[in-house]
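Next up: the structures, one after another.
Two complexes come next, and they have one chain in common, chain A, joined by chain B in the first and chain C in the second.
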Partner chain A sequence: MTPKFKAQAGTFESSDIMVLIEPVAEGSGRQVDISSTVMLQFEEDLKVCINQVLDVMEIENVHLIAKDKGALTPTIKARVETAVKRSLGIQEGTL
Partner chain B sequence: MTAGMDKSIEELLLAKDRRRDLRMQRLERGCITLSFNLNIPGLPKSNDSFHAFFTTCLNELQDYLLSHRIVINRETIHCETDAAGDFFLSEIIDPDYSAIQIKKLCESFETNHPVGRFLDVDVVDEKGEPISSGKAKLCFFCNNAPAIYCMRKQAHDYAAMRMKVELEISKYQESKRKNRVCKQLAILATQSLLHEVALAPKPGLVDRFDEGSHTDMDFSTFLNSTAALSVSFKKIAEFGYTFSGDNLKDALPNLRLIGLEIEADMFAETHGVNTHKGAIFLLGFSIFVSAYLLAKESFSNERFVSIIQAMNGDLVARELGKKLYLGKETHGEECFRRFGKKGQGIRGEIQAGMPCVFQKALPVLYQHFDSEKILNDKLLNKGLTHALLAIISQNDDSNILYRKGEEILEELKNRAVACMDKYGTAQFDADYEALVEFCRHKKISPGGSADLLAVSYFMYNVNRQLVWNDE
Partner chain C sequence: MGVENTDYREESLDLRNPFDVKLLSQFLCDLGFDYIPEDVDYSMILYNLNDEIIGTGSYKGRVLKYVAVAPKFREGAAFAQIVTHLIDIVIQKHNHIFVYTKPRNLMVFKGLGFTEIATAEPLFSVLEFGYNNIKTYQDYLRSIKRDVNVGGIAAVVVNCNPFTMGHKYLIEKACRENRVVYLFVVEEDRSSFNFTTRWRLIKEELGHIDNLVMVKGGNYVVSGTIFPSYFLKQEKKSDIAACQAELDVITFMRYIVPIFNINRRYVGTEMYSPVTKAYNEAMIKHLPPNGVELIEIPRISSGSKDNYISASKVRQAIREDKLDDVIDFLPTSTRRFLLSEDSAHIRAKIKSKVTRH
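Coming up: the complex of A and B.
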């Protein structure tokens, strides 16, 4: 599936993550940008975690920007999933 | 919602979304916002003890901000407990400081706080940018790696981390309670001396209008003496609160040492007049034992009496039976030698567990004060006068015995009993005035009873303010 809308999920509260999704043209592939305010050494871990969600949801073409404030794995997964669903137009409202 | 997503994670994230929305509402007004929450690993994020701790620290933070003249807009305060824990949010009004300066001050609040590692004060500037300190806080659990590192790596067991958080928080709360209880005991002890001496008229005693049977001291002497005593009461309370020995008698030498220091302070302020030696002895013990029991949350009048008795054991035999000071016999020693059991004075009273206080005066004070919200001068005058009569009618006051002999002491006690019987009748005022006149005429001063009255009022207030009203 390919995201159709700009969407976001998450907050800048501590132990949370803000996930922004921008639609890209079919065939342009995945681009995941991370800015962690807390620690750069976890960038790779974060990317792995985010890509796992994108794999499961079969999202191949997307630009995803994550601003991390020290979120734990379950939080990251939930926020990415919500942002993707919103960008696909299949989830309204919170989370 | 994602199938299989943990309900508690879902609630936690919803709560964070709500916090963001609340922050956004305030940002629309172009203000710096300040938020406060606790860093609690694992779930639940709040419970009764975390909430109480949050409230304690929030009050401290608000005082800290006020002291730096960082003004919080009270109308924009949002304070609640949800799935993400306890949360406080407010706007800062017209700050003289920039958001960065406020963040720096809040960091120093966290750093200087004894359990600051569990406190999280966040500042967001007028544009909605969270101000970051740029410093990585160390993990509270291992104190070795940055907190974020241990969090990501799930380096520590949640149950062990929460146990440590709970332990440190309860230690901190306990230290706050200790300070509150000890301060309160010192206040109550000082109040008891002030109300005793202010009470008027009193038979033969110094009061706010009259020197009674005394020529070497007046109201001002007692005020000066009370001021001298007041500064050391908290020290006794702290000693009692923290005393952990198996045998309470082991506390006696240090207790006496503090007592001697207070006596010296008293004599310095009264130019050598003994205003409060008896009161120092009785109140000193009472503060110590009250603090000791309050620390263990097991205060009751019965426990108090049994500890006072255990601590003083055979005090009369030990102290009046042998000479503590070489040379001239003291008044107390002479009294004991001449009058035996009746002449045991204050030592006999305390060895018996202060029956004048617990059996005579306290029931009278309960009867007068229990239904009253505020004890004003008029109420105090009635209740304390009644209690003083109850004490005089029972007390073998060695001051009187030594100076006036057994016959006068018995006559005073009988007159006090008769006067008590008239309490509440039209006859009472005249009888009480006659008793006051009798003491003035005979130059009798029931100073020992005055000390016991102060202790009675102290014990009444310990029950009223620290036992019935605690927590």
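Coming up: the complex of A and C.
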């Protein structure tokens, strides 16, 4: 699936992660930009985690920006999933 | 959003309601801000459950403003919550968000994932956030770069509001004296002539020159017009202009020069505008020590010696319906445009307001 809208999920608060998604042209691949307060320790983990969610949801063409403030794995997964769903226009409700 | 942050209540402000405005003015005044409601598109206030004001934030266009938190609540997550609230809204409309702040607050915004572009001590820092960033702009620059890395590589920055013989002379002179000339056209649409028009008029007149590369100024070349001076009421206007100019020059030096290997920058001598004068002074301070030669070209005049050509004189003439007086100032493309019906709305716009741009 390919994202249709700009979307975001998350906040800037501590232990959370802000995920922004921008649609890109078909065939331009994934571009994931990560910045984190714990970049040195967890950059790789973050990348793996985000890519897992994108793999599961079959998102191949996307520009994703993640601003992490030390979120735990389930938080990261939930935020990415919500952002993706919003960008596909299939997320319902705000919860 | 409300569900995640039940401790604090977010409320948007009705800017037409004098009570709301007074409430916010008072709060900001205590923190040393001078709140001007005309200066924002939107404001929000954060309350706690006792209805105390915790903090506030506003934006105008894509610039966040007046983000402040009361001292006794600074330990908590209030600041992050305000910025989240604002970004939620702004990012819908703009791909790119800016913040101007004092250098001592730099870390606070960096902690939220903002990226520093430049700092002019001791007054300002600029930070950005969003889908586009300075790297996107650098990629654009790389995509139009000419494969020339030695010899004279010059940069000229112009607004061309509108394009005159003076600009034409400066650019053509630079082209004769250098192997490549990168012509940056200020992209921000704060001028009477919009970017598309300015770009087209220059292109028509100079597009045939082989070693001239036209570059869109993006958000990084003289974007000073979005610069807020509101939180600096105690500083002198001239200091603000100087720092603003310095930010622009540092950005140019740090992000643009290395990509094109620019080693010369051409500017016109400034005769009237203190802002442009400050800009030229900042260039003298920063460019030569970093290996960019600054070449100042005296303005050319038309007819008598002190009748020097300037775009502001052209706008003045349009305002007074005396286009004939300055017709010699204009290259063919601008002349044709101004005499045609296409420019009617621009001429009307210039007549209707009395600003410097």
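Just so we're on the same page, the second predicted complex is superposed on the first by the 90 of 95 C-alpha atoms of A that agree within 3 Å, B and C clash if a C-alpha of one lies under 4 Å from a C-alpha of the other, contacts with A are read in each partner's own complex, and residues count from 1 in each chain.
By our rule, a contact is a pair of C-beta atoms (placed from the backbone, for glycine too) under 8 Å apart; a residue touches a chain by one contact, two chains touch by 3 or more.
Computed from a prediction, not measured in an experiment: that's the story for all the values here.
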item: Simultaneous placement of chain C and chain B on chain A, clash or fit; value: clash
item: Which superposed partner A:Phe12 touches (first chain B, second chain C, both, neither); value: both
item: Partner chain(s) touched by A:Lys67 [first = chain B, second = chain C, both, neither]; value: second
item: Which partner reaches more residues of chain A (counting touched residues only), chain B or chain C; value: B
item: First (chain B), second (chain C), both or neither touched by A:Arg86; value: neither
item: Superposition clash, chain B versus chain C, among 4-12, 76-84, 112-120 or 202-210; value: 76-84
item: Chain A residues contacted in one complex by chain B, in the other by chain C; value: 11-14, 37, 69, 94-95
item: List of chain C residues in touch with chain A within their complex; value: 1, 3-5, 77, 80-81, 83-84, 87-88, 91-92, 95, 111-113, 115, 130-131
item: Sites on chain B touched by chain A in the complex; value: 1-2, 5-6, 9-10, 12-14, 16-17, 19-20, 84, 120, 122, 130, 132, 136, 146, 148-149, 151-152
item: Residues of chain A defined as touching chain C within the complex; value: 6, 8, 11-14, 18, 20, 22, 35, 37, 63, 65, 67-69, 94-95
item: Chain B contact footprint on chain A (complex, rising order); value: 10-16, 37-39, 41-42, 45, 69-70, 72, 74-75, 78-79, 81-82, 94-95
